[in-house]
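Listed after this line are the structures, all set down as structure tokens.
Next come two complexes built around subunit A: one with subunit B, the other with subunit C.
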Partner chain A sequence: MRRFLGMVLFAICVPLSMVLLGRAVYWLVAGAEYLATSLGAPPTYGAAIANVILLMLVFVMTTAALLTIGERKWSAMIQNRIGPNRIRVFGNSAGGIFFLAADALKMLTKENINPSQRSRVLYELAPMAAFAPSFALFAVVPVGPAVDSVVNGVRTTVALQVANIDAGLLFVFGIASLAVYGTALAGWASNSKLAILGGVRASSQMISYEVSLGLALVGSMMAYQSLRLEEMVRAQGQLLWGFLPALGFFLQPVGLLVFFVSAFAETKRTPFDLPEGESEIVGYFVEYPGMKFGMLFLAEFIEVVVLAAITAAIFFGGWHPVLFEGWLRENLSPIWFASVCAGAFLTKVLLLCWLQLIVRWTLPRFRFDQIQKLCWKVLLPVALANVFITGALILVDPSLELLGLVGLVEIAAMAVITAAVSRKVEVPAHAHAAAAAVAGH
Partner chain B sequence: MPYQLPDSELNLRERLYFPEVIQGVGIIMKQFLRNFFFGRQKDPDVLARDRSLSQNATIAYPEERVPYPPAYRGLHRLVPREDGRPRCVACYMCATICPAQCIYIEAGEYPDDPIEKYPVKFVIDELRCVVCGFCVEACPKDAIRMDTGEHAPPSYTRAAQVWDEKRLLRGPPVSYQNDPWLRRGSPSISPEKLQEMRARAKPFPLNATDEYAQTPGFSVRALASEAKGK
Partner chain C sequence: MIDRAEVWVFWVFAVPLIMASAGVVVARNPVNSAMSLVAAFFFLAGIYVLLTAHLLAFLQVLVYAGAIMVLFLFVIMLLTTGDQDFERTRLKVMQVAGAFGAAGVVAVVVLAVNRLGPMPMSAVPSNFGTVKAVGRLLYTQYLLPFEATSLLLLVAIVGAVVVAKQRI
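Entry: the complex of A and B
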């Protein structure tokens, strides 16, 4: 019972702490903007630098690092185990968080063994090339809305977004495809047969899924009439029929499904983890020791966080709290409303990270032909059909209501098909007992 | 195979793949949430745990231990008498029956008691022991038991696994009414001690009842209920 109450408290505290984190980030960003302006820097420079440090370095890195522990602890809960709990501080294992320090220490103090026949430059470059692009993706994600802040009488507008660039989604696609270089180079430069097999698998898989990844978002681009993520988030605040927020989840359920699956393939995590496989080829990182391996490993988790963020921004309303939004807007001061928005976004990101980990622990890995079949024969035609259908529906009804209706119908159809009773596997009563009796136990 | 698994073609819904995946994700989520919100029960008797909420069956080993069943064959001990000597009369029955030949006995005689023998050396090589319990069953004097409930502890040397009579002789003392040294008296036991031993002596158990098999005060149920109360 103590655990139940504690966990309920924890579940309540996570969104609240995210709101407070949002408030703190707004405060720091406004302060940095004021400082930079008073030092003579052009406007928005200070805010951008503060956003890079606070959102990309602090939030993404911390979340990704915690996800490495979360993966171990949550998988334990899924499989009825306890998970990491042996490192204790004052008798408390704190959900295994202290293993983070132990892992980092282990990675950093490992012997640095380099294969002698490696291509030196590429070999050293590969972990960075894997790490940096997924990191840079977060630059265009709008974490919180723009809000006016007054510091020392100077009025500035700050938003929790590093760069609100016109290219928006195109930047996402471009940078996401750069991530292939990390794995391909790691495989190539190690000069190992196993590593290059892993690298080749990774690159073929990632290049294939980039197609459906891009096409899945075309529908959203058309619906929200923009490539800027900030404007797409803003457009999701409008109401259909006066009550239903125009979330991408309602307008583009098929797009969401295709995007989520393709994004999953881009992260190279379990149903799509063919580039690594402890039992056959070890993986493209087989020749990497210590922290270089750690960076390749962490890059996966950063991709998880970033893709959760992009999914949240495009399909789950971004920083819109969705529930009680009008009430919050009227009853809170603008800065606190913005903090609530940022907290809502960060909570959505955490929930989607959790969902990705759940999926990762649900499905066994595909065979390679199944991966390519899923991509080229299923996701790609579905994404293409989605593009055409969405375009036609928007053409017929620019107010998006028809699109929303079709989206709801699709969701309902999916729910019905999912809930439809599956074929029962008939297990004879006491099958086990009978088998044991025959075996003579 | 205990199951008759259907080997037919997948139907359309199953070939759609995603409905089944979503169902699977739902199952995993349920499992996660029940283990997230509800803690593991710590009852060392795993089968008695209520698994309707959390299904975690782990026993966090060094802190929590499964109580061994009453007949568990643990490390040997030589049963002492009340005067501190072993009950063993060096009859070699255990050494003879031992299939691993891990018991080595050297018999000796008390100088003042020409009838009774005692083991000058009683050595068990725990590395050779196969823990069959034959020695316990062969002993006519209930002088060797395996009721300590312990494993042979690990050691850095092989020599430390060879247990001599000084390490083996431990546990609560036992006297039976038909013990020869009680019936006819022994010059090596002082009269007062003999009196006390005779007073405490019990009838020899004819079948392996609880008292024969267990150390007094050792109770699985008590351990389990104690752990439940924590």
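Entry: the complex of A and C
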């Protein structure tokens, strides 16, 4: 019972703290705007710089760093272990948070051993080439809606989005495709057979899945009539039949599935972790010491956060709180409503990160031919069919209601198929409790 | 202020663009050369953005830097084994001819830019370079070249499959 209450309390505290975080970010962005205009900068410069620092550096970086700990903790729970608990401050392991400091110290102070036959420039360049594009992707993600405010006597809008570009989704595809170079170069430049195997596997996998990644979102582009992520989020606020929000989840369930699988393959995490398969080839980063390895390692977690953010923006309503939205809009001041929206978005991002951790620790690794078959023979035709069906449905009924209906049918079909093919595994009743007792829970 | 910032951003992209383009020619290792080309595509995309051609910039990065050059790199990595550094050409004739050619190109560019003189800046319509505007143009005025190109690509794919697979 205590455990249940604790979980309920946790589930309430996370969105609440995210709302407060959103309010703080709005306050800081407006403050930066005030400071910049006082110093004589043109309008929106201060807000843009604050957004770059707060969203791209602070939020993404902190979440990615915490995910490294979260992953160890969740993998431990799934495998019935305790997980990181050896570093204690005042006798408290605090969920393993202190391992973050230990990891950073370890990586920064490790001896810098480089392979002597490496390609010097490219060897140093590869971690950066893996690290930078994942960061840049977050630039187009709309974290919070635009709020009208008066800064220094000038009416401006403050939004939690770094860049609201017309071809937003194309920016995502373009920059995401640059991430290949980090892994491919890391494999080639370290002049090791295992590393180059990893690099070659990574690049072949990533360019294959890029195709279905792009095609999966074409349906959403057609449904929301835009490539601008902010407009796509705004369009998800409309209601179908007066009650169902037009989320991408309802309109494009097949697109969501294909996109999520392809993006998961792009992050090179476990069902798709052939480039780094620890049990066979260690991976493209095998020759990298210390913080250079750390950057390659962290790039993966940044990709996890960015993938969660883009999925949340396109398929789960972005910053729309969805529940009680009308009531919140009427009864809160604009800035607090915007904070609630930002909080809703951040909560969705965290939930999707958590989903990715679970997928990573429950599914076994594919074989290489299975990976290519899944991409070219399953995902690509499905994505193509989705494009044509979505286009036809929008042509027949531009109000999206027919598309929503077909989407609901598709969700039901997926649920039925999942239930039909799932296997019942007999677990002896006492086994779980015994394992938990051994693990010390 | 905004104009000055634009000039700064222009130099931020222009200087590395020239350096990367030079790197493509100068680098003796094919992988370095290919990576310089990728960098050149990327910085050229920055110049496109400054010209408010966002769509073109992203497509450039997506298609050339993200897809085509990856395949190039893939082939180079798999096919070149060991030290494949090209030896410095010892032929004096080649060097002299190359120098003349380079000087000629520089002269043509300088003359052309001088002939143009200062150009008046014209305001860009608000929908310039947006996805909608470019898409409308592609699917109305330039429909025939567009479809012809897609047909060409299809033929190329079929040809590649036929050449690569003996038994289909």
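Methods note: the second predicted complex is superposed on the first by the 411 of 441 C-alpha atoms of A that agree within 3 Å, B and C clash if a C-alpha of one lies under 4 Å from a C-alpha of the other, contacts with A are read in each partner's own complex, and residues count from 1 in each chain.
In this section, a residue touches a chain if its C-beta (ideal position, glycine included) is under 8 Å from a C-beta of that chain, and two chains touch if they have at least 3 such contacts.
Just so it is clear, the model here is predicted, and its values are computed rather than measured.
> Just subunit B (first), just subunit C (second), both, or neither: which does A:Met414 touch?
In the superposed model, A:Met414 contacts subunit B only, not subunit C.
> Determine, under the contact definition given at the top, whether A:Met7 touches first (subunit B), second (subunit C), both, or neither.
First partner only.
> So in the superposed three-chain picture, is A:Gly326 touching just subunit B, just subunit C, both, or none of them (first/second/both/neither)?
A:Gly326 sits against neither subunit B nor subunit C.
> May I ask you to decide whether A:Ser177 touches subunit B, subunit C, both, or neither, giving the answer as first, second, both or neither?
After superposing on A, A:Ser177 lies in contact with subunit C but is clear of subunit B.
> Under the stated touch criterion, which partner chain does A:Glu210 make contact with: subunit B (first), subunit C (second), both, or neither?
second
> Go through subunit A and flag every residue that touches subunit B in one model and subunit C in the other.
On subunit A, no residue contacts both subunit B in one structure and subunit C in the other.
> Can you list the residues on subunit C that touch subunit A in the complex?
Residues 1-2, 29, 31-32, 35, 38, 42, 45, 54-55, 58-62, 65-67, 70-71, 73-74, 77-78, 129-131 of subunit C touch subunit A in their complex.
> Please name which positions on subunit A make contact with subunit B in the complex.
Residues 2-4, 7-8, 74, 77-78, 80-82, 85, 257, 355, 358-359, 361-363, 374, 378, 414, 417-418, 420, 422-423, 425-428, 431-432, 434-435 of subunit A touch subunit B in their complex.
> Would you tell me which residues of subunit A are touching subunit C in their complex?
The contact residues of subunit A facing subunit C are 41-42, 119, 121-122, 125, 165-167, 170-171, 173-178, 180-181, 184-185, 188, 196, 199-200, 203-204, 207, 210, 227.
> Spell out the residues on subunit B that touch subunit A in their complex, using ranges where they run on.
The contact residues of subunit B facing subunit A are 1-6, 11, 13-14, 16-25, 27-29, 31-32, 35-40, 54-58, 60.
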